[in-house]
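Okay, structure first, notes after.
Each chain gets a letter, A, B, C and D, in the order it is written, and its residues are counted from 1.
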Amino acid sequence: MTSGANTLVLPIVLPLLGAFLLPLVARFGDGLARALGIVLVVVNIFLGWTLWSAVGTEAAVTALGGFEAPLGIVLYGDRLAALFVAVLAVGALIFWPRAEHGGVKAYTLTLLLVAGGSGLVLSGDLFNIFVFYEIVAVASYGLAASSGDKAGFGAALRYLVLGALGSSLVLIGIGLVYAAAGTLNLADIARLAPEKLSGTTGLAAFLLLVLGFGVKAELFPVNTWVPEVYAAAPMRVTAILAGVVSKLAMVVILRLLVLVFHDPAAISLLMAVAIVTIVAGEFAAYRASDLNRTFAYSSIAQLGLVALALTIPATAGILAAIAVALHHAVVKPAFFVIAAKWRGPLAGLAGGARVAPAAAGLFVLLALSIIGIPPLPGFWAKLVLLGGAFDAGGAYAFAAAVVLAATVVEAAYLFRVVARIWQPAAGAKPAHFAFSDLSPALLLGVILIVATLFVAPIGTALSGAAASAADAGSYVARVLPGRM
Amino acid sequence: MLELFADLVLMPLIAFLFGLVLVLMARRVRAKIERRVGPPVLQPIYDIVKLYAKKTQISHGLMHDVSIMMLLGGFITAEIFLPVPGLDGLAAEGDLVTLVYIMMVPMLGLALGVGSCANPNGSIGISRALTSMLAYDVPFVVVIAGALIHYGSSNLIDVVRIQQEGGVSTWGVTTMPLLAFAGLIAMHGMLGKEPFELYIAPAEIATGPMVEMSGKYMGALFVMQCFQFYTVGVLYVTMFLGGGEMWLTFLPKVAAVIFISVAITNVFGRYKTEDVIRWMWRWPTAIGLVGLAFVMLKVN
Amino acid sequence: MTGSEKVPVVTDQPETCRVADAEEKSLLRKVMDNFADHCRSRSLFVLHYCTGCGAIELPPTITSRFDMERVGVSPMVTPRQADLLLITGYLSVKTLKRVILSYEQMQAPKYVVGFGSCTINGGMYWNSYATVKRLDQYIPVDSYIAGCMPRPEAIQQVFLDLMAKIDAGKATAWQDYYLNYDAYLGRQMNLFGQDWHTPTDVVAEAKHYGYVGNGTTGEHTALLDQRATWSLDTVPELYPARGRNERSRP
Amino acid sequence: MIGLLDTLLVLALLTTVGLYVFGANRFAGYIGMAAYAAMTVIVVLVGQTLSGGETAVPSAMAFTVLGYPMTWRIDGLGWFFALLTTGAGFFAAWYMSGEWNEAQPNKRIQHGTLALNVLAMLLLVSSGDFLSLFIGWEIVSWAAFAMMTQLGGPAATAALRYLLYALAGAMALFAGILIVRSATGSFAFEDFAAAVPNLPTATKWVLFVLFTAGFGVKMAIVPFHLWQAPAYSFTPGASSSFLNAVSARMGLFALTLVLIKLMGPALLAGMDIAYTWFDARSALLWLTAITMIVPTYIALMQTDARMLLAWHGIGQGGYMLLGILVGTPLGLAGGLLHTFNYATYQMALMLAVFAVVHRTKTADLDELGGLITRMPFTYITLLMGIIGLAGLPPMNGFVSKWMIYKSLLNTAQPLLLIAAFIGTLGTILSVYKLIHNIFLGQLRLEHREVKEAPLSMLLPMLTLAGIGFVTGWMPGLALSMVDIAQSALGIGLQPHHLGGVDLPNGSLNMLWVVGVLIAAIGVGALIFYFLGNRRWEVSQYDNYAGGHFLSADVRYHFSHEFYPGLARVIGPWYRGWVVKMERGLQTLVAVLGDLSGGVFRFAHTPFYLLVAVSLGLLWVGLFGKI
């Protein structure tokens, strides 16, 4: 175990430990538990940052328990993983639960989520991925139900059923992979994939894995829980789920694609799913009746974009996926902050700009960015995505056309809301925002603007991360140094 | 310089004087067709002098007056840009397209003046006049486009020269008979004679644009009629009948063109606005387009 | 809509009276006037006011049977364009209002010919309560044609007579309307009531063109002015300001 | 290195910020005037550099993001449009400097959005590659949206519609520039211009369609024309005039840049459409012909003065594009000159109409009339404006239209010429209705106390009309500016002199035409004043009505359905098929939305999962074999 190993293990272990300790600590005071949770999350951010600066182009690898890969439990930390560890922790920090949403239970679950999520992106073998996926899933079921009302429980139950089914699909998929390849270590599978997994079995395994992880990744048609849960769960939970957790599943799919499934059939399968997801998400959002559902559907579409980006060959696709995912992770939580106060039918939003000019202004900024208006970050994300698609040509060009058309629909529903906000109030005025209500969103807005100003260095950094994530050969070489 | 100045004075003057003759001819021809004697030779002058000599001259505001100035000014300008035998005026400084647009200036002036009279009959008259302009200008632009492409120049001096150098066989009427025919119909519409006089309609809208015109305002309209007959006739002769080589043959040609128009006008009643539009957009336009097709075949 | 506008007070003595005598004119002026009169006589635009029964005689007069265009007479449509107002037959009180309106809208020099007996003395309607007995009480008349109805030949004859009169510069009945407007207005008011008025500001027009005589203004025109002021004050919707006021108000 | 262009952009940026901060100030209009005047001066300086032989004035601003360099520089073409932009901004600010400003509840927004639009347009016209072009394009679109939506209500609805059109266009453009990058490896204009002749025909067609559609939306080429008139009309006065005068012309700028400068008319003419006589250029030419005619005749049917003018703006755009696409030096000069001329008279017209709206509170052509006695100077502006719009001498609109006609004649395209003429005829009818229904006819009682527009609004109007007249009299002044733009296009210059152009087969010398026209009208005035007795002005109620006594309580006026006969003939031709298409598209989106939403609403979750897995496995079984 090197010093780099700490940065790989600690992001998982510390929050996990914290999650178990927290109920005990809470006996000495709720505030103490809260503080401890926050400290742990901050530590995770720091760890992510350390990992990022430590790994450079060479990823950090560690095998737990002293067993070498492929037998041992391998953790693999490249810049991509470091990024998402940090992003997950930042998300959890910004949207740390409040006492009224379950108190210490919520803190625990959130820490569990952080631990599971970090594990998900750091794990180097499929079984651990499944385990961490389950941890994330359980934590999110609990959080989804934490609003404590009828709608919340109903939504959480649906989420639970679907999630459980999805997990079993994942398990079947893993089983198929194991049956074919005889190993669960990703690097090892990657090594064996060309001969063992290139046939029908491999494809079936991929299908099941995509559908299984797709539940979290909000892929069509296994994403029916999304609007319900996002409408019913507390805003802070929604923000984390939509903003970050869904991306973690995408990271897993990314790893699978890069390392295991290069099959054109697999790619086209994912592309078809992605296109349908985009279309279904944007069009459903066009007819959504309130802000929460609008953003939920929009979130589905954005994840469809990420999935589409993943199908684009070479680094460009990975870069686009990371860019779109990160951008969405900034924008969508902020949207949900606004939606938390402005509930109910869209027509009731008239006059919003008078009541809450800051929220209205922020809404416009976020909407512009998510549509992809230069020079905001959303534009650059879309530029990379569509540029890669047009470079790839063929079906990708068609997909790009779908994305472009969907963008118009996106603008239609977002700016319909903007127009309504700026209209004079007809009846009851929309809710006012206290500063504390809006502050997370304002913070994210500031991040967005800063990112706009520093888009060039961010782009360079992400390109590096994408390049190393796309390098399957180096993954195998790092994990299995002798076996190439 | 002096020659140009002479042109500037002579061209409108000749236009006015010969216009008087054309007006007289029109009235006499009409009388003959109706088996009447018709007005005496000086009748056009009597009318104009009397109108200018009215003791009271009511006006409906400054625009009413300015419209009269635009009316005369526009036609005077048009005459200067319309070459006649021996007098080219400024025809080289503005071509047929310019001339067509200059001829719209007096119409616009009249329309504004009539509008400022605050009489709905006048406004209706202008509405109908503009509508009929839209009707007859469609075949007219077809004719213009065809003729100009045929001659390869929009300079009227060139148009006249080409026809005179080649003799009768190069006259527009022999090289482009269909366009010449369509042009004749469009010219007839331009003169506002039956069956296209919908904007005068005395019994219906009380002479339309002229409803509030009295004294010298009306007199200016009479003068305008002289110019109009002359301009339309000369334009047609220039485009299709070889233009003017000498006054002795030129003026009879102009008179002949106007004669055709006034001779057929009496046998018609008045078309409704819709019928004018439909008729103009159907027959002369179709004939003109066929003529245009022949021209294009020849050019290519 | 304040009421502060004052219509100029009409004084008894008009400032100018510029109807020039024939002797004052220069030779050029005389020649020009003679020429103009000649042209006027040879170009008569006729407005026929055909509410009565005489209209039937006009078509033969104008069309091929007699062809009045030979002598420059042609029909016109609006009073603005016309020189000659033909009153063909009887006038009821109601139609007389329209006749006066039309007459005032004609441009001077203007001439009026009364057709048939009815315009002279009421004719067969001499004892009707609703018809006007003598036309020249209300507007100046240049010529009458007696008969019921007159033949086209008679109409031609009156045209020729009128032309000769105009050519000689003696058809000046129209000036009488300006010079003695108050009297005409008085008789009109007698018939139509005190609030009678036409849109034409005859007094102002007379002043503008210098046809102001001792009879131009008087008690009746003063009434007119009073009423104009009053109307502005109270119900401007119904009584527009008269004459130039309409346009010169800020 | 801070160059002229940087100074210009920084000044525009400072103006935007400054006017947003001080926009509510009484003197905001003057601040704007000073700023735009300064910008105009800088643009003129840039023009001097350009006419001194430089091909472009670069900016020090340059970024490289994700490996794509972005540069800004202004060449002759961009300069021409920059001049129009700053000039229009100046006159709009002037208009907003006095009484208008006092009357506005949202001064800050009006001044701020105007400055923002100027900034965005300057950024667009000085873009140096496709990426910066796209960025500028988007900023222009959104700045215009910010301007249009400010009054809320119908304005917001119209602006939203605009937004969707603009965004759809932008997406087409986005696809276009990405395809360019895929095909040539960079976003640079030069690389594209060098590579485009060798691209496969299919790619050329895709690019042509995408760019034409993308830029054409902004120009409101048929069938993308529906948004423009309402969006421009419901914007407050000076802003609306600005939008009308120059905003839509950004599309023309970009089309000229891509289609003429980079691709070239010859290349377009070589792209034949199979089984027809058309090629890319002539197909687009016919589209412009439709754009000249259809919106003009829609304008004819409007009853709102602002809408009428805005619809004409669309039709006028067709003339400009027509001239430019003809591709000869004469046609190009005509098209570009028409852009300048249009900016002058359309702005004057809109300002005049808004002056009327300012005074009477209505733009409904059926509720006005007779205002000539109350607002004579506004009338003069409108009169000069409509003469320009209709393209009659002596105003400048005639010159540019003449050049366009002449270029069509010289290239023997009679049908397009006829189409252009028909558009002009419709314009004449329509503008007469405009001026008649506002200023002529009977004055309404409620407008009896209406005053002339204040000097702060009159002066810009009259100045613009004056510019229109002077450049009509001496078109050489404007043509020398057009020269700078044309020199950037590589097609060649159109020789001209102060009075117009000399051609072997029919010249135009406006010095003579206008001179003679004015002199002749002077002769007309002499005749009018010295022959016959003095005039006597009478009341509007002293009027022929068949013996009827007119009074103010009964309207004696003709304005509603001004061309009934024409309407009966061409009325049935207004099928509104574009409107129906638009509605159909909306319905389609709504239906798709309901379908998609239905999947989520009636969630038989396990069932979906089962279906997805089964179908997926079926697919795997059928097609998954390698």
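Here is the rule we use: a contact is a pair of C-beta atoms (placed from the backbone, for glycine too) under 8 Å apart; a residue touches a chain by one contact, two chains touch by 3 or more.
All values reported here derive from a predicted model rather than from experimental measurement.
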| item | value |
| --- | --- |
| Inter-chain pair with the most contacting C-beta pairs | B-D |
| Inter-centroid spacing, chain C versus chain B (mean Cα positions, whole Å) | 36 |
| Euclidean distance of C-alpha centroids - chain A vs chain B, Å | 78 |
| Rounded Å distance, chain C centre to chain D centre (Cα mean) | 56 |
| Contacts with 2+ other chains: residues of chain A | none |
| Interface hub residues of chain D, defined as touching at least two other chains | 373, 443, 533-534, 536-538, 540, 542-544 |
| Interface hub residues of chain C, defined as touching at least two other chains | 78, 80, 205, 209, 247 |
| Touching pairs - complete list by chain label | A-D, B-C, B-D, C-D |
| Residue ranges of chain A in contact with chain D within the complex | 158, 161-162, 165-166, 169, 198-200, 203-204, 207-208, 211, 220-228, 263, 265, 269, 279-281, 283-288, 297, 368, 371, 373-375, 379-380, 382-384, 386-387, 389-391, 393, 400-401, 404-405, 407-409, 411-412, 415-416, 419, 422-424, 455-456, 459, 463 |
| Of all residues in chain D, those that touch chain A in their complex | 63-66, 134-135, 138-139, 142, 149, 152-153, 156-157, 159-160, 163-164, 167-168, 171-172, 174-175, 178-179, 181-182, 589-590, 592-597, 599-601, 603, 605-606, 608-609, 611-613, 616-617, 619-621, 623-626 |
| Chain C - residues contacting chain D, complex | 1, 78-80, 97-99, 101-102, 105, 198-201, 205, 208-209, 236-247, 249-250 |
| Chain B residues touching chain C - in the complex, by the definition given at the top | 27, 31, 34-40, 42-43, 45-47, 49-50, 53-58, 61, 202-203, 206-207, 210-215, 218 |
| Chain B partner contacts - residues on chain D that touch it in the complex | 370, 372-373, 376, 379, 383, 387, 390-393, 398, 402, 405-406, 409, 412, 414, 417-418, 421-422, 425-426, 428-429, 432, 435-436, 439-443, 499, 504-509, 512-513, 516-525, 527-528, 531-538, 540, 542-546, 556-559, 562-566, 568-570 |
